[in-house]
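A, B, C and D are the chain letters, set down in written order, and residue numbers restart from 1 in every chain.
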Amino acid sequence: MGPTNHDIMDITATAEERSVEIASLKTQFASVRERTVNICTPLLAEDYAVQPITDVSPPKWHLAHTTWFFETFVLKGFLTDYKEFDPTFAYHFNSYYNNAGDRVIRSNRGLMTRPRVEKIYEYREYVDECMVSFLGTHPDHKALEIIQLGIQHEMQHQELLYYDIKYILGHQPFFPVYDSNESSDKPTSSGTFDWIYQEEGVFQIGHSSDSFHFDNEKGCHKVILEAYSIASRPVTFGEYLEFMEDGGYEDFNLWHSDGWDYIKKQGITSPLYIHKISGRWMRYTLSGLVEVDPNDVLIHVSYYEAWAFAQWKGCRLPTEFEWEVLADKLDWGQVWEWTNSAYLPYPRFAKAPGALGEYNGKFMVNQMVLRGASTATTVGQSRKTYRNFFHPHLQWHFAGIRLAK
Amino acid sequence: MGPTNHDIMDITATAEERSVEIASLKTQFASVRERTVNICTPLLAEDYAVQPITDVSPPKWHLAHTTWFFETFVLKGFLTDYKEFDPTFAYHFNSYYNNAGDRVIRSNRGLMTRPRVEKIYEYREYVDECMVSFLGTHPDHKALEIIQLGIQHEMQHQELLYYDIKYILGHQPFFPVYDSNESSDKPTSSGTFDWIYQEEGVFQIGHSSDSFHFDNEKGCHKVILEAYSIASRPVTFGEYLEFMEDGGYEDFNLWHSDGWDYIKKQGITSPLYIHKISGRWMRYTLSGLVEVDPNDVLIHVSYYEAWAFAQWKGCRLPTEFEWEVLADKLDWGQVWEWTNSAYLPYPRFAKAPGALGEYNGKFMVNQMVLRGASTATTVGQSRKTYRNFFHPHLQWHFAGIRLAK
Amino acid sequence: MGPTNHDIMDITATAEERSVEIASLKTQFASVRERTVNICTPLLAEDYAVQPITDVSPPKWHLAHTTWFFETFVLKGFLTDYKEFDPTFAYHFNSYYNNAGDRVIRSNRGLMTRPRVEKIYEYREYVDECMVSFLGTHPDHKALEIIQLGIQHEMQHQELLYYDIKYILGHQPFFPVYDSNESSDKPTSSGTFDWIYQEEGVFQIGHSSDSFHFDNEKGCHKVILEAYSIASRPVTFGEYLEFMEDGGYEDFNLWHSDGWDYIKKQGITSPLYIHKISGRWMRYTLSGLVEVDPNDVLIHVSYYEAWAFAQWKGCRLPTEFEWEVLADKLDWGQVWEWTNSAYLPYPRFAKAPGALGEYNGKFMVNQMVLRGASTATTVGQSRKTYRNFFHPHLQWHFAGIRLAK
Amino acid sequence: MGPTNHDIMDITATAEERSVEIASLKTQFASVRERTVNICTPLLAEDYAVQPITDVSPPKWHLAHTTWFFETFVLKGFLTDYKEFDPTFAYHFNSYYNNAGDRVIRSNRGLMTRPRVEKIYEYREYVDECMVSFLGTHPDHKALEIIQLGIQHEMQHQELLYYDIKYILGHQPFFPVYDSNESSDKPTSSGTFDWIYQEEGVFQIGHSSDSFHFDNEKGCHKVILEAYSIASRPVTFGEYLEFMEDGGYEDFNLWHSDGWDYIKKQGITSPLYIHKISGRWMRYTLSGLVEVDPNDVLIHVSYYEAWAFAQWKGCRLPTEFEWEVLADKLDWGQVWEWTNSAYLPYPRFAKAPGALGEYNGKFMVNQMVLRGASTATTVGQSRKTYRNFFHPHLQWHFAGIRLAK
């Protein structure tokens, strides 16, 4: 996924059951649009507008940007008589589609107090109504494809909303509760530890069926892997605290050179949201400040930290291919898992023309692949071929560690 | 004044008419507290929380900080049984009083989405009620002095609110209107230009009466001035546009070395809020985007710009003493006027002990004095001995130029 | 290679012909030590000490650091009675071996005017003599391995010396000549352009013989490649100028997101050392400023530029595996060629214990692999399995482009 | 003086004894030119070229720049047939005279390894010979004035050379000795401490005689001062260590707001060149590392530190006027003494036209005045009206503290 990186879907399905497909899309559309609003319900108007760091977008912006996507690529793309909700919104809520025109630069999103939140909810309602009408006109296959993409795009932003809301609230002086029942950032322990072994062999990688997927998963191809083992479950807080208490953040031998420079310059000595208060390890969660349970799954580490931890353990991180091959035997879906694979194109990858082509290819440098899914991932979006990616220094997304050897 | 710099009052008045004084303070208190709220009325909840640059504080913060001042120095200072509204507020809304405890660092004020605006209005009401009760108990002279200071302090923040609100709204992509009738940032032309001449002589400088004043105005003392002349009115936009069109921003001979480096590094080529749109000079005001009227008084220049303009004119800026001596003959009160005096202590200046002593002395380096007042200055706060001060590169406050020779 | 990144050699050769091996090492040692000095001969004392950017080390530093390597890992490692030349040198000339003790931080190397150049030449002579003596004592296999590594290490620094000297001289105001006969940065045209085709298949990757190689080439393993084609020769200046003149640096569609941000922030609009003077494209070389010959091989581009150029051409960059498989059919050795492979470990990669283990593993993030060699590469160091690596934004090393599809 | 700030002389002397004046200038010229070379004699070629921070210029640059001054303003200005030594030198060695053409930007002076030191000594000899010839032609008054200015200018650079050489050597890892007999940075104790009292009154300020002075001293004018006292001698290291050991660097109440931010951001906890080694306070001097003698005069403090120390002592710093009025009764000339006066123009100050007019006016913002002289000040350049100036955060020049009350 990446901060706001997504992918072009690739529906090659025949259109014979178009009506069935449309009915299904209508349901999905209604459901995803409602869920985005629900995620924001616990917020105050003031929470919607801030951008504490460039990587974190204001919740208001997510609400509007996901709507702008449907307006721009569906309504304005397919309806000649569509009347824009507000012509200034295109400028406000374009994320990074250079081809779709000028836009507010990313680091300035937090300056936009206007348009106000209320107005953005009106925008959502207006576009939702237009979309429902449009879906009633039996749109062609190309339109349906883009609608499907817009739904997946919004799912991705739902997960980003969790990351960003947590960052905003987690940096208030007194750790406010988002929702006392929220559990999306509290993956819990997942059974005993085992090494799952895989013989060497030739394996198929990438998405091969007709179901929805992004273009970075396409290019189904074979790889040769040597024999390897992967841990049956992700690393826990208990295991990571041992690393910390053993001086892991002070031993340069465990770190990449870039990683060491980064943690020293930034003064990083623990995963994000971890605080030692009165001698106890506490962590901020969306349901408030809680004591760290050693059995809980570790969350909020960077790739640098994941790699250093693996070094300390005498292990390594799996490649994305090793991960995918054994996925069916692993317990995954609690945290995104850093792999030791750089985010690069599969064979035959080619970017689509125009603005939607900016989805993926241009992010394929300097980032590492994460596999799996987190407890904040929208249901229906996780699959074993999904390639998520982030820069190696980032901690604010819901990422943890799985070991290999 | 400075971003949030103020001064200890110096009431040496006898207490014989204490009742009269208290009645007067009650009225002033009610009036100033109401006006602050009124200034914020046109804002949306989202406008209250942002901090686009470190110098600009969120309006919410001003509302709470001025209240915190009364709570901390009056209610907590003089009432043993006072019950704090919320113990976390002291941390949130202390500005720079190191002696008054830990606080949110200045550049992070814009991260505080909590406490919400509504809560801050409750805070104001709570403290207002407590203050009214307290004033009913015939507090002693020391308490009255601090209340008086708190009132003046809030007046200063009223003017800062105008600066900060303008900055926030003026950096939205589409120039929203704060209030279409607002005129506080639209000083208008003030008659014909004359040189007012003053013979050399010995003059008295500083505040000498019993009326309210800050400690940086005290230390009434004599200075010797050589003969000089001061312009009868401030510089207009028309005059400044000539400077711009004559290449003023490209001729290093006109600038201080530090000033030249600054404008080149920042890419500054005009006063703040000036835009050339479709070939016309426009400016953003609190009542919206308007065309520049050459007769309007120039506003939003830095000291560097003021000095360069004076060089270009073959004139200079007056010293703060020259300004004060001729004040009664000048037309002033439209914009703060940069002087060529550095902000330094008057003879016998001494800072008060404790937190209130942090008011002034610690700002007496690297800043230049401005004299006069602006159309956004609260009535009752302008007087000819008032010493305002800002760093020489700043443009966001309501400052203009008066020439001398 | 990387700025100063190298690898542990892996000599598993039997020691039966130890004497032959030692004789050969003596010759190699003498030859490589002499060549380093020769590279510096055209320099003035003043040229030896500067460090214009962090990536560029002062030539003096290279001279001393390569000597320090032999002193630290050979003489001090194997001789109990070795007398250090100067105990402060260990601090001065350790590069990044945290395990080998404290050191001058990298960005401060240019502050070290002391010890003077003359002293460093004395240091070299002292260590050379000790090394020759030591080689006369029939050292054991382990020592010979490290001497071999030291020789390869110095060869790598010879190439870095060319990069750094060029950077230092190329940033003087008047383009001084290093040596009017120097041709190491002037790769010339290499015949006609062809696409070399390769059928899909399974291929062996990595170093498999007993000859010298670094540990990052080890881990010989199989990969599956789909059918592909590679250009028979690298891109020329003529081809790249077309890209520039077609607006390549202004079309964001051609760039990685990180690449676009980087070139815009840095104002990069051409390869390094290219200047348009009086309407003609000129380039700085070690033999002085010369006009760009369109037939010359392109040199001094970053990975970002290489990738953007390939996009513009409708092609792509080869992976390092594609490159290695076809290496015998390509014309290479003029410039290092950016591949589309991230620098990551081969299977079974494990770092050596202690200071020498810092050689490679810790650089395996955020860098891209380059294959081939440049005209500045020391003879005997180029081989088709050699994995060079640099951060994707760097231009100062001798890198160019080879296309694939 | 400021890093390289100087002033136009103002010789209004009649020309009747022109020959005497010329003879005197010849002697002065020879003497000052020789002394500059002598100051550099202990340096190695490598020491000449580095620029560890922007404020510090390479010694080579000083040697050339002072020569460039005579070449540009005298030889090229008055001799139509003068043949430049090297036309590229004007670009290399112009300091900040925008009117005198393009130049190497200040922060890049340390990149210039070329022209080499030897060449610069040739340049000096060439210009010296031409100057001697020119002086033999009985030049007119205007030329003599500029020669006089060039001599004073070079004296200023002599003192800067001491500052810069000390900075360069003092930042080598092992504290090299410049000259074991050097004492220019070792002011010694100066008798017992007394308060010198001055009644209030009207005093004359500024240079009033015909002897050489800069234009910033002109504008002789009257000031009124209230009664005050000044310390008979500057602060010693012993006194300052008490301040340090009393937690002076940890008590924000003692500091300017800007000063506090600066020392915290930079991690400053002592004057420059002070090191605690094995429990003892040591300081780096041009004659090597020595233990701090409590009786020695304090040196290498910023204005911020001077002000904080005075606060801690319950005193203040004198204004430049208070200093000048009592100068004849003080023991001064060991270190430059920070005053509490900002560097601003005297009445009737006006800058000269053209390049020489860039001497002073453009530095009159953001800097504080220092009075007195240091043990590194060239003989003949110290006088009680001399106004030196530096930015308030700088420590590398030879500055100390004198108290007032």
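Throughout what follows, a contact is a pair of C-beta atoms (placed from the backbone, for glycine too) under 8 Å apart; a residue touches a chain by one contact, two chains touch by 3 or more.
Please read all numbers here as calculations on a predicted model, not as lab measurements.
Rounded to the nearest 5, the angle that brings the Cα atoms of chain A onto chain D is 180°. For chain C, the chain with the farthest CA centroid is B.
For the pair chain B and chain C, the distance between mean C-alpha positions equals 59 Å.
Between chain B and chain D, the centres computed from C-alpha atoms are 37 Å apart.
Chain geometry summary: the mean Cα position of chain C and that of chain D are 46 Å apart. The set of chain A residues touching two or more other chains is empty. This structure has the following touching chain pairs: A-B, A-C, B-D, C-D. Looking at the complex, you find that chain C touches chain A at residues 96, 98-99, 202, 221-224, 226, 252-253, 255-260, 303-304, 307, 340-342, 344-345, 347-348, 357-358, 362-366, 368, 392. Listing the residues of chain C that touch chain D in their complex gives 44-50, 52, 60, 88, 91-92, 104, 110-114, 116-117, 168-169, 171-174, 176.
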